[in-house]
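Below are the structure tokens for one structure; questions will follow.
Labels A, B, C, D and E are assigned to the chains in the order they are written; within every chain, residues are numbered from 1.
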Amino acid sequence: MLYREAGQFKTSYQADSQIFPILQDRIALLSLLVVAIVVVPQLASAYTLSAILIPFLIFSLAALGLNILTGYAGQLSLGTAAFMAVGAFASYNFIARLPGLPILLAFVLGGLSAAMVGIAFGLPSLRIRGFYLAASTLATQFFVVWCLTKIPYLTNYSSSGVITAQKIVIFGYSFDTPASKYLLVLAVVALMALLAKNMIRSNVGRSWMAVRDMDVAAEVIGFRLMRTKLLAFAVSSFYCGVAGALYAYAYLGTVEPEAYSLDLSFRILFMVIIGGVGSVLGSFLGAAFIVLLPVFLNIVAHSFALPTSVASNLELMVFGALIIFFLIVEPHGLARLWQIAKEKLRLWPFPH
Amino acid sequence: MLMNEPDNRFEAALANDSGGRKIGPVILDMQNISLSFGGVRALTDISFNVKQHEIRAIIGPNGAGKSSMLNVINGVYRPQQGEIIYRGQHRKNMDCYAAAKSGIARTFQNIALFKGMTVLDNIMTGRNLKMKSNFLMQALYWGPARREEIEHRVKAEEIIDFLEIQAIRKTPVGRLPYGLQKRVELGRALAAEPEILLLDEPMAGMNVEEKQDMCRFILDVNDQFGTTIVLIEHDMGVVMDISDRVVVLDYGKKIGDGTPDEVRTNQDVINAYLGVAE
Amino acid sequence: MNHAANTANAAVTAAAAAPYLSVNNVEVIYDHVILVLKGVSLQVPQGKIVALLGANGAGKSTTLKTISTLLRGERGDVTKGEVQFKGERIDQLTPNELVKRGLSQVMEGRHCFGHLSIEENLLTGAYTRNASRAELKESLEKVYHYFPRLRERRTSQAGYTSGGEQQMCAIGRALMAKPSMILLDEPSMGIAPQIVEEIFGIVKDLNSKENVSFLLAEQNTSIALRYADFGYILENGRVVMEGAAAELSANEDVKEFYLGVSGAGRKSFRDMKFYRRRKRWLA
Amino acid sequence: DDQYVALPSYRVGPYAAGGSGFYGGIIDYFNLVNLSGGVNGVKISWEECETEYNPSRGVECYERLKTKNGGATMVEPLSTGVAYGVLDRLATDKIPMTTIGYGRSDAANGKVFPYVFPLITSYWNQAAAMIKYLGDKNGGMDKLKGKKIVHLYHDSAFGKEPMPVLDALSKQYGFELIKIPVTPPGTEQQSQWLQIRQANPDHVILWGWGAMNAVAIKTAQRNGFPREKMLGVWWAGSEEDTVPTGDAAKGYSAMTFNTPGNYPLMDDIHKKLYDAGKGNLADRSRIGSVYHMRGVSAAILWVEAMRTAQEKFGKGKPVTGEQMRWGLEHLNVDEARQKAIGALGMLPVVKTSCDDHEGSGAVKVQQWDGKKWNAITPNWIIGDKALTRKLLEESSAAYAAEKKITPACAK
Amino acid sequence: MNLNFFFEVLIGGLLSGVMYALVAIGFVLIYKASGVFNFAQGAMVFFAALTCVGMVDQFGFSLWLAVPLTIVVMIILGIAIERMVLRPLVNQPEITLFMATIGLAFFIEGLAQLVWGAQVHKLELPIEDVPSEYLMEKFNILVSQFDIMAAGVCALLVTSLALLFSQTKVGRALRAVADDHQAALAVGIPLQRIWAVLWAVAGLVALVAGMLWGARNGVQFALTFVALKALPVLILGGFTSMPGAIVGGLIIGATEKMAEVYIGPLVGGGIEGWFPYVLALLFLLVRPEGLFGEKIIRRI
């Protein structure tokens, strides 16, 4: 009976509308943050930090962005990587062209640029729905990457069409070790996750979900479809844009536009669906699943001393099979699985 | 009741529980409304009006055009002909947002709740037009946004209490049985503190006891908040008992309009709908 | 619930007619955590109409879905008990096999195929029958005879028809399979009173002329008990009362809570239970 | 102790065919070296990690592999995206990376990119060599005047890379350069080939990668464009690019930095490895294929770098990444050395320095006869190196400025 | 403007469109019958072609033996997919099923390469991919004879599948299933069996597409990408319409080639990647359900 809410009575609505109304959740989250901020940078190896945790956090942020759009506002999108690319390339250009621009501000500007592109490409969503919309968001994907390869201005006329992210320097402190980059990414992601959580529990979040669940009814109740959907596109793209900038600045360093390929869009969509459509936690769980599982499988497969090509193919098959397996066990994703586990724990040891 | 009235109507209603219902002037006037879908004529030249504070029932056989009429009133459908006069304003058709903004709320025949959201959230959505803070403030969940959220939460809780659905406040509505969903839907509409409440078969799929409860809710809303109610219902017992005036549609045409007693004895209505005089 | 009475009653029904359909002590859990049916048992003798009554959320629909094995698609699990139809366990069969064996369900909330026309909807109902065109035509005619409104709308896409029309379509669709037993979930919902009477008339008709058995979950208790032979009352996932329809109609509690008539006869909805709400408001 | 190198490889996904051939070649040569006692007695060890050609998985692989077994001393991702992803990390980690025949051309400047080695040749030198070859073919560079050359390219950083060189040369020699992009992955090229047919060029440079190549050759055939007029880059000149086209590729030629043919070394690989069941390729018929041989060449250069480094820092013990870097910067794989290895002429002579991490820039042209590739230029071709050098200086200077690097030779 | 060239571009585009349609049909088939957007269609095309070629290359079977054997394999695959993936996921939201097909795509890709290796193969069909001499001489227009044959195959496939959907009881049942799984079950439609059959048929369509595309481009992993070319065709033609796939294919094929040839050079080229999507998107703004797709019913 570790996990009980019994005895925790909410005496005010204020208390009840806290982000995490259950004490244990609050404690768990706080300790997780403390561990992430204090312990992890101390103990984790450079490998864990720079090859696992940083991409995990960045992908979580992108997944969160997509989740706002797809999970909360119900607009299926396959253009995530394009918005990330806009964020990255815009940040790059802002810094390159406005010397002395604080880098965090550049990220925000990058995010805003992505939001703008998001709004432009979100316009069709007013008429188009479901898989039709998903397939048309591919237009964004291809068009943006095409622009980045075609317009030399966007890559600052670099001969090979790649951009090299400038060094991250904030208030004179240079973020170049894995641990410092990790902390920076963690801070950005944690802050943005908090903001997302706030939006979702307020009226904006409800407007998104209402539009997702039944747009006609939402309209009748007084939500304006256009504004709600476009806001979702904007916020989502902003998140993806910032994630894209981090992807370039805190992870890859030198990037070509193709790093933001359709493949990446799909991977982020997988994260959202596996983790849980319409769940902030799910974005993190999904990112963990998609980032970590292949690594784990890779290590396992190679420890069996199989021929590498066999191992690689098996890895792919197991990965696919696990996705299906998890969907069968819980179609609403890992977040829901987690929630059920909690519900069970709450009842434990008395079933039902 | 006007939109800019203070938000504390619930308390006000509680405080002076006078219950005196005075039927006022015509608030909504539908004139010569015609609506068709391709070849299907859902409504043909229908006129009727709704007075302030009254309970107005629309009855008629299946496919008569009742739901379509409600859809016209709040702008889901645009009639090809006719005029809607609401609070003195003449319009060719309504628009969903404008309708909601000017105090028209409704429930649907095939429940249209937001399935993925909890009961509380569903009811909170009903209050969206009254929320003023912008999304940035909401994202920060700071100051006015936070206060506003809590203020509205109080209202939502009042409705939850009123409808006696406290126990399921945090349950996702998709999991609720049909009858409770209907109640939540009513709650969502009430949360908007509407001037006119359009109810499309609010009692379908309920047993007598539940219908009694629902009637009570409707009467209370009408009594205490003075809300005008337009109601579609197939249970003649209910319609005859609680409505002030009844309009009868058949095949998209109006075949009767009047007090329950008048309608009950109207031969056309008996032939088309009631079968036997009750 | 009095256990002894339960078994006694079961014995009585069993003696009257071998149960055509029997549900034995079924327990159902949704989503691995939500316990909805807590040991429901009921029988439907051949050629009888049995009504399943109860408040919202009592578990009527769940019971019907358990029988028709449609529960699986809603993440519900039968954790205990068994269902028998014509003396055979059916809980492991697919719905297709059930329909072939003559057990059809009309689901709550219509569930018409929105993009198909009304007539196509009806025709899918005959999927399991290897019927000739002529036979199909005849069955269609029969449904149209019962529901003339459907004939008028036969070429409309079901998604665009009115609520009542969809309900008729759903019932008609089930009839197309020529079942020997029908599970009807709230057939009267959203139907004009005249048609409700007609639907129940059809039920009675099929029952007496074609010996079709019915298990109907219904909120409209008065009409259900008028047409049914036998009734079960479900509360909170348990059977709390059962008996012959006439017996139930005469029961004081049933009268008060399900039929809306108390000692003084039928009360106006306007005056009903004012106190309850009032009390709460004043508290 | 072993000399450990990291192999972030790919054996699944769209480029699996190339990846398995290339890494198979590397591992075969390593095994062969180990069989004969290693490099001065030091055995080579390696670890593979599946990148699926995906930058972010590639970075993870690099980070995972680099700390294994006491630290990796060299890495080769055979993917531009992955190479970019790890580029910034190399100097801090002190691990040299080779990008043989791909990646940034300007990385040949060791003063700016001390840890990157685009060994043998870069895209710019390839482009220059291609024009040189076409000039020779036409009977002299001056004959190029007025000729039409189509640059049919993979519409990406890769395909755009040679443009500065091609543009400069077209101006210099007066041929018309028509650039036609192909949207990746390039499974449909009907419109491009119609355009080409319409332009009726004298030559088509096929700057393709992956599936695009076979499609280009097939589409050329379906549009009746002679394959003899097509000249592919070295990533468009392997069995993987021609075999799937059947006979369509007959007469098609492509650049290469390996001379196809038989070498004592390849015989050894057959005998000592595959006959003993120790070969890395699943399919023996791929031994000696272009990708396989390219892998073997890469491995030869690495082993030579180890040898060179050991000579300076102590024979018989493994060298560190830093020392390996020195070794790579002081390579001298001349003909005598090639002969000793049993691979004389398989690759050009490679001699590196701080200024020149490429070490050669020489290529050959090979032609597909329907069954196999045959070299059709007896000598190694070198294009206008002065031009590429100039471009290289400019571009690497810009990079250095952007990254605030002061160009200098590492010790 | 050179009229002859214009016609070549047009015809070439139309025929390319047919090739796209061939892949699109597989999607339509599954979507129409279950409301599932089958992400694994590309992987199935690859798997089918590779299996067939693998048997020829590695076991030395003749094409006439390999094709029937592959058909058997695809049928088994279809049945297995129904049992292991679809059956447990019946009545789940579309997006869940979509995700499951993504998992499936990974699985099939891995399986194909595990069994047959990563090498590329050539596939030679009896008809060669060279310009038709007849047309060349007669009209001075250059059209590949292979493409003409592909168009014939495609027309045949579409006609027979369209007939299946519109004329048979199974066709009706399939459309019912796409609307509402639960209700389809309730009326006794044997969902499981139908799905198994359907996925098997989709496997066959994948085989046909795989053979033709494989003969055109070689059998290699990139076959999975042809799905990308089919998507705009789908949205333009409508997810639920067989004729839509063909018409959509023709429109997309023709316009994308025209655009690349006539507009491309003005903007730096390479617009084929996004042009069809933008075109389809603009079209959707007019008709949100595509050319022939079923109208999305939004009613309350």
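In the analysis below, a residue touches a chain if its C-beta (ideal position, glycine included) is under 8 Å from a C-beta of that chain, and two chains touch if they have at least 3 such contacts.
A quick note: this is a predicted structure, and the numbers were derived from the prediction, not measured.
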Tell me which chains count as touching both chain A and chain C. B, E
Greatest Cα-centre separation from chain E belongs to chain B
Report the chain ID whose CA centroid sits closest to the centroid of the full protein CA set. A
So what's the Cα centroid distance for chain B and chain C, whole Å? 29
How many angstrom between the C-alpha centroids of chain E and chain C? 44
Could you put a whole-Å number on the gap between the CA centroids of chain A and chain B? 40
How many angstrom lie between the CA centroids of chain D and chain E, rounded to a whole number? 36
Could you list the positions in chain A whose residues touch two or more of the other chains? 142, 146, 149, 214, 216-217, 220, 309, 313, 315-316
Two or more partner chains touched - positions in chain E: 109-110, 113, 117-118, 268, 270-271, 273, 299-300
Contacts with two or more other chains, residues of chain D listed in rising order: 11-12, 16, 20, 155, 183-184, 282
Can you tell me which positions in chain E touch chain A when the two form their complex? 31, 37, 84-85, 88-89, 92-96, 98-100, 102-111, 113-114, 117-118, 228, 231-232, 234-235, 239, 267-268, 270-271, 273-274, 277-278, 280-281, 284-285, 288-290, 293, 296, 298-300
Give the list of chain C residues in touch with chain E in this complex. 68, 70, 72-74, 94-96, 98-100, 104-107, 111-116, 120-121, 123-125, 127-128, 157, 159-160, 173-174, 177
Sort out for me which residues of chain D touch chain E in the complex. 11-17, 19-20, 155, 179-185, 187-188, 190-192, 194-195, 197-198, 210-211, 214-215, 218, 221-224, 240, 243-246, 248, 282-283, 286
Of chain C, residues touching chain B in the complex: 30, 34, 53-58, 61, 108-110, 149, 153, 156, 160-165, 167-168, 186, 189-197, 219-222, 257-260, 266, 268-270, 272-274, 276-277, 280-282
Along chain A, where are the residues that touch chain B in the complex? 13-14, 16-17, 195-196, 198-199, 201-204, 206-207, 209-210, 212-214, 216-224, 231, 235, 278
